[in-house]
């Protein structure tokens, strides 16, 4: 996950000077995907009365929440740099609360707790966007090879492609 | 990662009838993020002449390519269903080639091999979009809590939010 | 798991020309052992009325089925080569169904589902045997060191030793 | 990996009375497969002069030897019981030396060290066979489903099938 | 790792009222042990001129530093509570720097960087001691069973036993 | 975890001559911490009547007991050397029983079984102390950097610092 600023893709961003030491490809979606799993598992747990199924939900949720914590940790200690803390003084606190909320999600079947976790991850996502976001830490995604005759459903615009298009502006 | 169709978010999609048995939150970005790491690691490997650094690149790339394979496998055997294979007769072949390409990326420092892996994952991504995509397998991401005064940089539109907005329902 | 054809052990097999690029030691028994665990766990789950024990069964089965999937994936994308797909046109389909069946085994306490998984793995095993099998992807196992006075129970002939013996024929 | 003696498959073996408490599906082939990988990796390492390839060998061998140790440990503390130690007074010593030899294999590119590891695992295998072996800790493997027209290559007899056949005798 | 205050062992400590929700057994020694490995690996790396050995050092250090980060994370988001941040306003900053230092240790063969990591972990250790330490988050360790005739070497007093002895004072 | 004897810290101990080949940083506390978790989880399990909580206890205990086994294995096959077996003829047996007891702890909610595990680990700990202990396999821990004005609670003496102080050399 070693990485450097994709200088040619984001030439306007001086803030990424930190990347003269290796930094990585980062995306809070890694944490969000796992947290969404937790949310959906709780939803299904509450909708079911099958004991075997509910036990599986409890167990799998534990694993997914642990992965959520891991990906929050990666954002916190690998992605964020001192200048980001200056910009967002509550950065440590938000990441800390998000981690603790993921622990809470392990312990509960309350859907509101899962929503709180998503909200906290979205605050991390917000700080990531404001400090570079996909332009700085992801590669742009072009049209899939061999998909020329099969365009993406046009109502779904890809954020990475959008970011790439927007760059020269 | 148990999940069901978010029926209320994607009411127009009859194709997801399979989801009356547990299905998950899926996103080929999980595979792509790891594959982008491989790409950037190869780039940095080739830019460096530091032996310690290059050895670390080789080792970390091995791990990242293995994770790429895992996430491709998840798409292949957990997300895709028989009706998807009917729609995309080369589905098995594309996933197979993507997995084999991830193995190839472990073995090489050739950036073109990493690009081939990204292209193959984008073909999986294309099939995912055409069979439901974010609308069906991800939750919508709203404005971050407490971020009302700090709007997202407007040139970067979020694909999930866009998808949600676009829903005619 | 890098490996090359054991040329001296299987000189008659031109099909393994693919092995001029690294290939591995492979054996579908890795998948079968984990799937047998799933089978036996379900059997014991159904024989027991102890709640603690049954919860442990559900949890451990989940892990074992996940390992089964991993080993099926390894056969699919690491062992099998294009010429094998030519020989067995349903190769992708069998591996796919085996993976999906392993997911099914996670969800159930029905012993018939575990048997279906074993049957599908045995079909993979069959394709492995027909494309080289133990001769090509395993080393021969000789008499254990220091075991000269303690011969193996003669009714149990070792498949690998047998394969090795049979080669020159 | 909870398991009980497959009483109906091995009715002649009173020694397995211990299995009225959960015991597992065991097979020293799990350790041997990983150790064979180590052997082949060392072989390929010595045959190559490509620095990138050799570094990968060193790294992957480390992982494979670690897995070997894990599977040796499982045999030692999960499979073997006090009556086995009575029968094989050097049981602890053989398992201990096998574990230490796997550590040694991590440290070396000497093929003789890898062979020593295989020999020690074969001694564990021997003790496993003499105390029940495949009959007691594996399920019998029948003809693959749908493979009636495609018999196994007859020179390769399967040890598990052989064991099953031999049982009623 | 769910845990509650061992109330009967540390009755004087009101600060642990947070433990009416599950908390764990914690010990910064888990992080320190892994960080000491990193230190010693760097030392041996620098003392050696054997290329195979040095490559293994680089690889194993990467794993050990990753485990160090994991155990630092556990202290940060699982052990520490809001009242601890009040008491130690630099708590977030120290944990953050320790995590980043563990990343740095992955990248270097400079023993001074490994020492910096140990120093930062010792600062976490200090905050842990000042907020309960072994009395609150570990169990007391008595004389080993059957070791009555073999007293511990008296120059080495056990911190946990010492803590337990000291309590009633 | 490669390591050498810290010769300068333990000059009196000729027994560690084996360490001219790599040996590690070892501490039975790694096993004990996980075993203490098992103990506390069983305690909380028995104190609770909440079904969700109890299921989580069962699942998390399984993981913690598995980690306990891993750390016992590390002591057994990585730390202990032939001269240690000469000194403690029951070394193999104690480690074996400890591993089996960790398996037993997975299966039960009986706190006495968890105590037995702790006792067996303490016997391993005793053998470790008598064959070098912290002096030989851990680094000394000094006062935390920047903690000069915040002395450790004086009733808690650190075993590692104590060991270092006690060295007559």
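Each chain gets a letter, A, B, C, D, E and F, in the order it is written, and its residues are counted from 1.
The working rule: a residue touches a chain if its C-beta (ideal position, glycine included) is under 8 Å from a C-beta of that chain, and two chains touch if they have at least 3 such contacts.
Since the model is a prediction, treat every value here as computed from it, not as a measurement.
Participant: Keeping to the contact definition above, tell me which chains border both chain C and chain F.
Facilitator: Of all the chains present, those in contact with both chain C and chain F are A, D.
Participant: Among all chains, whose Cα centre is located farthest from the one for chain C?
Facilitator: That would be chain E.
Participant: Would you kindly state whether over half or under half of the residue numbers at the chain B/chain E interface are used by both copies, giving same or different?
Facilitator: Mostly different residues: under half of the interface numbers shared.
Participant: Report back the single chain whose CA centre is most distant from the CA centre of chain D.
Facilitator: Max centre-to-centre separation from chain D belongs to A.
Participant: Distance between chain D and chain F based on Cα centroids, please, to the nearest Å.
Facilitator: Going by mean C-alpha positions, chain D sits 29 Å from chain F.
Participant: Quick one: chain C and chain D, Cα centre-to-centre, how many Å?
Facilitator: 13
Participant: Once you find the CA centre of chain B and the CA centre of chain D, what distance in Å lies between them?
Facilitator: Each chain's C-alpha centroid was found; their separation is 37 Å.
Participant: Send over the residues of chain E in touch with two or more other chains.
Facilitator: Residues 22, 55-56, 59-60, 107 of chain E touch two or more partner chains.
Participant: Classify the inter-chain contact topology: is it line, ring, star, complete, or other?
Facilitator: Graph shape, chains as nodes and touching pairs as edges: none of the named types, so other.
Participant: Following the definition at the start, I'd like every touching pair of chains, please.
Facilitator: A-B, A-C, A-E, A-F, B-C, B-D, B-E, C-D, C-F, D-E, D-F, E-F
Participant: Considering only the defined contacts, which chain E positions touch chain A in the complex?
Facilitator: 22, 69, 73, 76-78, 92-93, 96, 99-100, 103, 107
Participant: Using the touch rule from the top, collect the residues of chain F that touch chain E in their complex.
Facilitator: The contact residues of chain F facing chain E are 1-4, 22, 24-25, 27, 29-30, 32-33, 36-37, 39-41, 43-44, 56-57, 60, 64, 118-120, 122-123, 125-126, 129-130, 133-135, 138-139, 141-147, 150, 152-153, 155-159, 162-163, 166.
Participant: Mind pulling up the chain F residues that touch chain C in the complex?
Facilitator: Touching chain C: residues 55, 58-59, 62, 106-109 of chain F.
Participant: Which of the residues in chain D end up touching chain B in this complex?
Facilitator: Residues 52-53, 55-56, 59-60.
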